[in-house]
Structures are given as structure tokens and as C-alpha cells.
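So, here's a batch of structures to check.
In the two assemblies presented below, subunit A is common to both, partnered first by subunit B and then by subunit C.
Right, the complex of A and B next:
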């Protein structure tokens, strides 16, 4: 496991992706700071208008911006690379001959992808908080319910949101892992995973398919606003966790079924 | 395990091992017997099914049919017990280019749950030393030459003491110096009691380092045994060097030996049938007939002739 994380985080690619994610809140903060007129409420991404009053909102705005495409993109790269990347390098056969054990390898690979999800969302949250604190005043936060909370509590809420977003990405990671067992071409698995995430969001946007929406892994992605109410509203958190857990089970089982009997010819 | 208990005396034993990909049969019912302690050459032209067989031996691919026993245990059923005792180099080395040589070995060693992490650094160091890569241990594998990668692959197979080494084309990409080093490494490992299973399409290599060999052709095992056994099957040849070619042919024909056209102006070569007259008798007859004999030799079949006879010549390799 440690070895898996070493391999993941010694790659320049991983750092490039985290750096790009960290750049999003910086871009938002600098753009808002340099704009002459204040942002009108209701324009731009949600929470953007609050940024000038409270720097802590930079992280939340950045999260909203990253969730639909940027975050799934980086996760698609990592999750799609899990098995297919090793197969592409040829190291898969050496890991299995070692013998790493196929089930053990799948679990470690998935855990590695999950750690990356956490690292990615924390990167956005931390970078957002830092740049927000640097460029804007920091103070008590007004929640969506109208209540005020202190800075300490708001940091806690930010972490809670990062946790929510991490969990949101676990289903996609499981899909990526499964796709990754199907091929020896890592780029193909990455692209397919990203396409799946885009398709899910497109389907989620079609009102004609509303019967399908609660089953889409992307359905609750942006529903973390509930964590900005007082008292805390856990319903969407629970629904989301349940849904992601379901995806993890189904696609974990598919990946297992595929990988355990697969002939490794790469 | 019941009546079909795999023999403990054999490091590798397969019965009717078969692998089909769709309609194509890559490996067609081979029965391998690799004795413990042997250096076993697995010969065959490219595409004859060597690597596919090795993949099945190591549990990377499932056999369509047949049984495999490695180190006396059934595969792939006892994979967890067997593989830690087997070191392997399969179809060329493969590493993470963005990690150093030593880091790559540590990574692969970690993958083996039985390998102790306490001794890891020392074992990695020793394996690198054994293949002469200590100076490049900290270098990223991206910067390695093909020969260095090949050595690193062998180092990986030597991370823990093994009972069996499976080396697929171990001298691929090595310069003559490196090839010799691999040969001496294989010999020293064999001297320590490790069974070495080497696949190769290079005959000379097998002739120089192996005690046993098997020959694959188009997915079938066409010969197997000790090197001496394999050589013996081939026909011996008679060579006569003389300016009196025509007379010599006549005399030889009297012994039932059919010499073809001269190889050069003064050299005759003919297969020596089993049960033919003794060489000294033939020489005496030649001399008595006034043939000026300048050279006379009985040449045993080389392994190369045998190999070509079994697998076809050059590009006419059986597909």
C-alpha cells in the first residue's frame, strides 16, 4: 500500500494534476480581486458573489467549478491507469509473479485511487482557503440558513465538504478501476472513464430521464450545499454515500470477476 | 492430490498442456519434464509458443487444457505457495521508468507478501551487486540501456533465494560481454542448486549453458532430453578431403554410403548410416583404391542441425 502510494506520488503527472487543481481557486480569487465591479449575486458560479466579503468562500466556489469536469478528469486519469497502466508498462506480470495476488492488487489499486480523490479535493480546499485568506477579508461565515458561524467552524465545514466530494468520486473511481481491467491501453481506460462521467452528467441534465437521475453516480455531486446549513442536514450526505457505496460494490465486483480470471498477456 | 501426485524430483512437470486463443492453438498438449537442479534450455523459433507456455507455468494465463506442477505443487491452484520460490524474467524486463533501479526492485519486492521488509534494502543491494548494477542503482530506469534493464530484470528474479528461476530470453539485448556474464551467473546459480529454466531461440546459448533441453515447434514439443541425448538422435556425417573426388565416391558407394556432390573441389560429405563399416575400414579401402586422403573425419550431428531439422529452416518456420 505504501509502495503503491509512493509510485503514485512520485510521478510527475500526479503532481501536475494536483498543481492544476490548486490553480483553479487561485485563478478565481485573482480574477474576482482584479475585477473593478463587485460580482452581482446570481451571476457566475454559485457562491462567487460572496467571495469578496469572505475569503473562505473561494474554496467552495472552486469546488463547484471543479466538480463537473476537472476533478473527474484527474480521477479518470488515476483510476483508469490503475490496472491498464501496469499492463501497459508490463510491470503487471512482474507484480503478479511476485506474487502480489490479484485480489490484493485490485484492493490496493482502488485504495490508491481513493487516496488520490482525497488528495485532489483537499488540494482544492486548502489552496482555496489559502488564497482566499491572502486576498480577501476572513470572518464569520453566513450560512445558507442565515446563521453565522465562526472561522474555526467554517474550516471544519470546508473539510466536511472536501469529505463529501471525495466520497462523491469513489463511485467514478470504481468504474475507472473496472474499465482499467478491460484493456492494456491506459489512455483508453482514462478516456473511457472521463466519458462515462460526462455522459452521466448529461443524462442527469435531461428532465425526460428523471426516473434515472437518482441512480446516476453524478446525481448528488453538487448537493453539498446542505452542509452549509444550520443545523447540519445530513440527508444528501447519506444518500450520496449510499449511492457511491453501491457503485463501488457493483463495479468492484465486476472488476474482480474480470481481473481474477484474466490472461495477462501484456 | 490423489494418484496423479506430481513428482518431487521434477521442478516443472506438465501433462497435455494446451492453450488456445480462439481457433489458434498456441501450445498444443506439451509434456515438459524439468528435473531439479538442471539448467533446462527451452528452445524454439520466435512464435513457437515458448512464452505462452511460461505464462501458464507462472499462473499469468490459464491453460485451456492439461495439468501443471511446479516444484511438486499443482499450478495455478497452489500459486501462493509456489511463486515466492520462483524467480522469473518473462518476455523482457518491465519497470517504472520514473523510478530508480533500486526503487523498482523495492516496489516489486513489496508486492511479495512473504518478503521481509526488514531485509529489503540489503537484499536489493545484493541483487544489484550480483548483476553488476550497483553504480546505476540510483539512476532512473528511463536512462537505462536495454542491457541494463535486462540485468535489472534478472536482479529482480534474484531478490530472494529461489528454488527455480524461469528466464525468458535472458540475453536479449545484451552485448557479448553481458551475454557471458549471464551465462556465468546461470552456472553459479545452478552450482548453488537452483533449477534454471531458460527459454531461447539462440542455440549456441543453450549449448553453452544447459544440461537439458526441449525444442518447441509450432506449439508442440518435438524433442526433450539431456543435450547428449538430443545430439545422439542426429545422424553422424563422414567428411573426406581428397583431390580424387570421383574415385572416393565410388569407394564410398561400395560401403553403401551415398556421397552427394562435393562440398568444395576437394571435400566430400556424406551421411554415415547406422551400422556402416568402421571409419578405419573405410580409410583403408580408400587408400587401397589409390585415393589420396588428405583429411578424414566423422562428425557428430550438431545441435544446430538437429534444431533446424526439427523446426524448419530460416523463414520457413512452421506457423
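Right, the complex of A and C next:
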């Protein structure tokens, strides 16, 4: 497990992706800072107009911007690479020669992807808070309900949001893991995972398919805003965790079935 | 081969378990409920007897009116008009907190935004997180005012229920449906079915909490549509008093605040008498929390009363027909040529013989070319016939 994580986080690619994610809030903050006129409320991404008043909103705005594309993109790369990457490099055979067992390898690979989900969301949150604090005043945060909370509690809520987004990405990671066991071409698995996430979001946007919406893993992605209400709304957190758990079980089982019965040739 | 089968077994079992779990959990929630039988009058009397003063809960509203969902304009002068329309279309989730008659908080939860209404005694705040604006209304002091006593004040809710049932009986069949469960609470279901086929309304059902008599769900079914045309229901409800600081609202720093004071009550008092007496009658003295439910009930009451009132509501307004199938006619000039040319109107209406038709699952509105308006819960042909006949 530890070696898996060190391999993952020693890769230049992982660092490049985290850097790109960290750049999103920086870009937003600098753009808002340099803009001559203040942002009109209701224009641009949600919360953008709050940024000038309170730097802590940079992290939240960045989260909204990252969730639909950037986060699934990086997670698709990591999750799609898990098994197929080893197969593509020809190292999968050697991994399985060691008396570790395929199930264990699968679990370790998935755990690595999950840790990356957490690292990615924390990167966005932390770099957003840091750049916000550097460029804008920091003060009590206005919640969606219009109530204000202190800086301490707002940090707590930011961490909760990071947790929520991490959980949101677990389902996609499981799908990526499964796709990764199907092929030996890592790029194919990565692309397929990203395509799946985009397709799910497109389906989620079609009102004609609203019976399907609660079953899409991307359905609750943007509902992290429920954590910014007063009192805290836990319903979507629970629904999301349940849904992602379901995806994890189903696709974990499929990946297991596929990987255990697969003939490893490379 | 058997080994292969064995390894694939968990693969089949896990998704199967997940699917079975997904299917059975809602079934359990909707498991059959058996409450002691009650007559419609008894259920109505329960509503009258209910004295819930504190609650916190979540309300889900869905409508399938067949209206095109309007583009929600971000800002601008018509925001209030379009937001009222927007509430009628689509689905919404709101949280409601109530403590006594003076402390109310309603939160309409939009995606990544929220609209709040807070009432703390005479202070009413409206806050919209999307454009970060707040509206502060100071209500006039009503403590010294005597409200007109509704005629039903001396009657018990049970008597009132009997009387109300008798008054709507010619147009509407009231029955008690199967016992249900709403927001985890057992409930009686009161069904109001129009006795005529000429209306678009198929059935109105009200779920009444078996314990407190509070309405928990209102559904309006449209004829020829399986999903309810309009539904308003608690999805979560707790009768504990909510935290007091919820009602303590101060506008956030940086928000645009608009102040408004309502005119002195004695000025508008006279016109309100009829209104409030009517409402008191409809509510039979309840202090019902959910205002939308009140409105719904008031509407039904008004609908039932319409034939009696005849055309006496407003000058120029005539009512044709009785009960559910009545058609309201507004005189020429109600809709000006400007409004007729409004692109928004053109977008939601369709062109028919003799004018433009706004068609929804429950109500049809016909605007004739000469500016008369016909509205009713009836098929469009009936409106057109009324327009030609009148």
C-alpha cells in the first residue's frame, strides 16, 4: 500500500495534475483581482461575486468550476491507469508473481485512487483558501441562508465540502478501476472513464430522463452547497454517500470478477 | 468450469443485493398502514382541531403542469414576476421552521443558491443568495386591532366540518382513501373528486396526519395524466421547536438591503375583512403552518363557493357554469394590446381559433383577440365555446 502510494505520488504526471488543479483557484482569484469593475451578482460561476468581499469563497468557486470536468478528468487518468497501466508497462505479471493475490492488488490500487481523490479536492480547497487569503480580505463567511459564520467554522465547512467531493468521486473511481481491468491500453481506460463521467452529466441535464437522474453517480456532485446552509442539510450528504457506495460495490464486484478470471499475459 | 463459476458468483450476488436493497427500501417505507376508520367529516374535523405551533421539516413540491419551464432570468425588473411563475413550474425543495405564529423561516433550496423568508415578530426578511439582496419589511403592529369574528367562531370544528361538507357536496364527492404514510407519519387521505366530467381536475387528495390532524400532503391529479399535476408534501417533519436563533436574521455584510414598511392596517382593513373572514372560514380556525397549503385550501373553498357568489366578486367579471366546470370571464380590455404582443406571452401560449391559449394540465386560459380573458379548469373547446357564445 505504502509503496503503491509512493509510486503514485512520485510520478511527475500526478504532480502535474495536482498543480493544474491548484492553478484553477489561483486563476480565478487573480482574474477577479485584476478586473477593473466588481463582478455583478448572478454573473459568472456561482459565488464569484462574493470573492472580492471574502477570500474564502475562492475555494468554493473553484470547487464549482472543477467538479464538472477537471476533477473527473484527473481521477479518470489515475483510476484508468490502475490496472491497465501496469499491464501496459508489462509489470502486472511481476506484481502477481509476488504472493500478494489479485484481490489484494485490486484493493490497494483502488485505495490509491481514493487517496488521490482526497488529495485532488484538498489541493483545490487549500490552494483556493491560500490565494484567497493572500489577495482578498478574510472575514466571517456568509452562508447561502444569509447567516454568517466565523472563520473557524468556515474552515470546518470547507473541509466537509472537500470530504463530500471526495466521496462524490469514489463512484467514478470504481468505474475507472473496472474499465481498467478490461483493457491493457491505459489511455483507453482513462478516456473511457472520462467519457463515462461526461455522459452521466449530459444525461443528468436532460429533463426527459428525470426518472434516471437519482441513479446517476454525478447527480449529487454539485449538491455540496447543502453544506453551506444554516442549519446544515445532511440529506444530500447521506444520499450521495449511499449512491457512491452502491456504485463502489457494483463496479468493485465487476472489477473483481473480471480481474480474477482474467488471463494475465503481460 | 466450476471454479470459474465460483469466482463469478460474488460478482453476480453483490449487484443483485444492491438492486434488491434499492427496490425494497422504498417498499417498506410505503408499507400498508391501518388506522382506525374515520368518516370524511371526522377527518375534516381533525384538521380543524389541529394545533401544531412548532415544527421543522422539509417540503417537496413538484408540478407537472405541462408548462414550458421558463428561463430563469438572473436579474432585471421582471425577476419577481418570473420567480413567481418559476415556483409553479418544476420541482422545489424547501425547509420550513415554525415556532408559534410569530416565528417563521422558509428556505427554498435551489442548486447552489437559496431564497429565505424569515419572520420574527414584526420583522420580515427576504434574502436571495443568488444576487445577495435582502428585503426588510416591517409589519404594522396589530396587537391593538380586533379581528372580525368569523361566523364559525362559536362552532366546534366538527360542526364546521359537517357544514363545509354539506356545502361542497353538490359539486364534489369527499371520501376517505387508503391510509398512507407521509414523511414517516401515518396519515388519513381525504379525496375530493369532482362530480362532473367537464373539468380538468381529476382528484384532489389531502393527506392528514393521524396524530395531529395537520395536512402533510396535497396532490392535485389532472385528468388523463398519471403523475400528479401538482404535489406539495412533507418529506421530513419534526414537531420539536426549532432553534430560536434561526429566526434571528441580520443581513450579511455586503448584501443590498431594501427597506419597506407596510401601510397602516386601518386603511386596508375594510377590504381585508371579507378576505379574512373567508379565510378564517376556510381554515376553520386552524393555525396552519404551511401557507401554500392554506392557499390551496382557500382556493378549493373559493371554488366551491363560486356559484353562490355569482359574478359579485369584481365588476365586469362573470362566471359561467357551476362548481368545478365554471368558466371565469374577464371583460374586454383586461389584456392590453401591448401585453398581447409580449414575446413571453407568445412563447407560453399557442395560437387557437379566436385568440391565444395558455394550456396547462389543470387550467386553461384563453385570451381572445379583443382582449377578453376566459379561464377555467375545463378543456380548451369549452373556453372557445364560451368566447363565441358570450
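The rule we apply is simple: the second predicted complex is superposed on the first by the 266 of 266 C-alpha atoms of A that agree within 3 Å, B and C clash if a C-alpha of one lies under 4 Å from a C-alpha of the other, contacts with A are read in each partner's own complex, and residues count from 1 in each chain.
Just so we're on the same page, a contact is a pair of C-beta atoms (placed from the backbone, for glycine too) under 8 Å apart; a residue touches a chain by one contact, two chains touch by 3 or more.
Remember, predicted model here, so these are calculated numbers, not experimental data.
Novice: In the superposition on subunit A, see if there is space for subunit B and subunit C together, and answer fit or clash.
Specialist: fit
Novice: How wide is the angle at subunit A between subunit B and subunit C, using CA centres, rounded to the nearest 10°?
Specialist: It is 140 degrees after superposition, to the nearest 10.
Novice: Regarding the shared-chain residue A:261, is it in contact with subunit B (first), subunit C (second), both, or neither?
Specialist: both
Novice: Count the residues of subunit A touched by subunit B and by subunit C, then name the partner with the higher count.
Specialist: Of subunit B and subunit C, more residues of subunit A lie in contact with C.
Novice: Quick one: is A:53 in contact with subunit B, with subunit C, with both, or with neither? Answer first, second, both or neither.
Specialist: second
Novice: Quick check on the superposed pair: does A:138 touch subunit B, subunit C, both, or neither? Answer first, second, both or neither.
Specialist: Neither subunit B nor subunit C is touched by A:138.
Novice: Taking the superposition on A as described, I'd like to know which of subunit B and subunit C A:10 touches: first, second, both or neither.
Specialist: Once the two structures are laid over each other on A, A:10 reaches subunit B alone.
Novice: Touch check for A:94: first (subunit B), second (subunit C), both, or neither?
Specialist: In the superposition, A:94 contacts subunit B only.
Novice: Would you check which partner chain A:151 touches, where first means subunit B only, second means subunit C only, and both and neither mean what they say?
Specialist: So A:151 meets neither subunit B nor subunit C here.
Novice: Which value in Å is the smallest Cα separation between subunit B and subunit C when the structures are fitted on chain A?
Specialist: Minimum over all C-alpha pairs of subunit B and subunit C: 9 Å.
Novice: For subunit A, what residues appear in both contact lists, the one with subunit B and the one with subunit C?
Specialist: In the superposed arrangement, which is not itself an observed complex, subunit A uses residues 261 for both subunit B and subunit C.
Novice: Would you mind writing out the residues of subunit A in touch with subunit C in their complex?
Specialist: Subunit A reaches subunit C through residues 40-43, 46-47, 49-50, 53, 64, 139-140, 142, 144-148, 207, 222-223, 225-226, 229-231, 233, 235, 246, 249-250, 252-254, 256-257, 260-261.
Novice: Can you check the complex and tell me which residues of subunit A touch subunit B?
Specialist: It comes out as residues 2-3, 6-7, 10-12, 89-91, 93-101, 104-105, 261, 263-265.
Novice: In the complex, go through subunit C and note every residue touching subunit A.
Specialist: Going by the criterion above, the answer is residues 4, 7-8, 10-11, 13-15, 17-18, 22, 58, 69, 74-75, 95, 107, 109, 111-114, 116, 125, 127, 129-134, 236, 243, 246, 249-255.
Novice: Which of the residues in subunit B end up touching subunit A in this complex?
Specialist: Against subunit A, subunit B makes touches at 55, 58-62, 79-80, 83-84, 86, 88, 90-99, 103, 106-113, 156.
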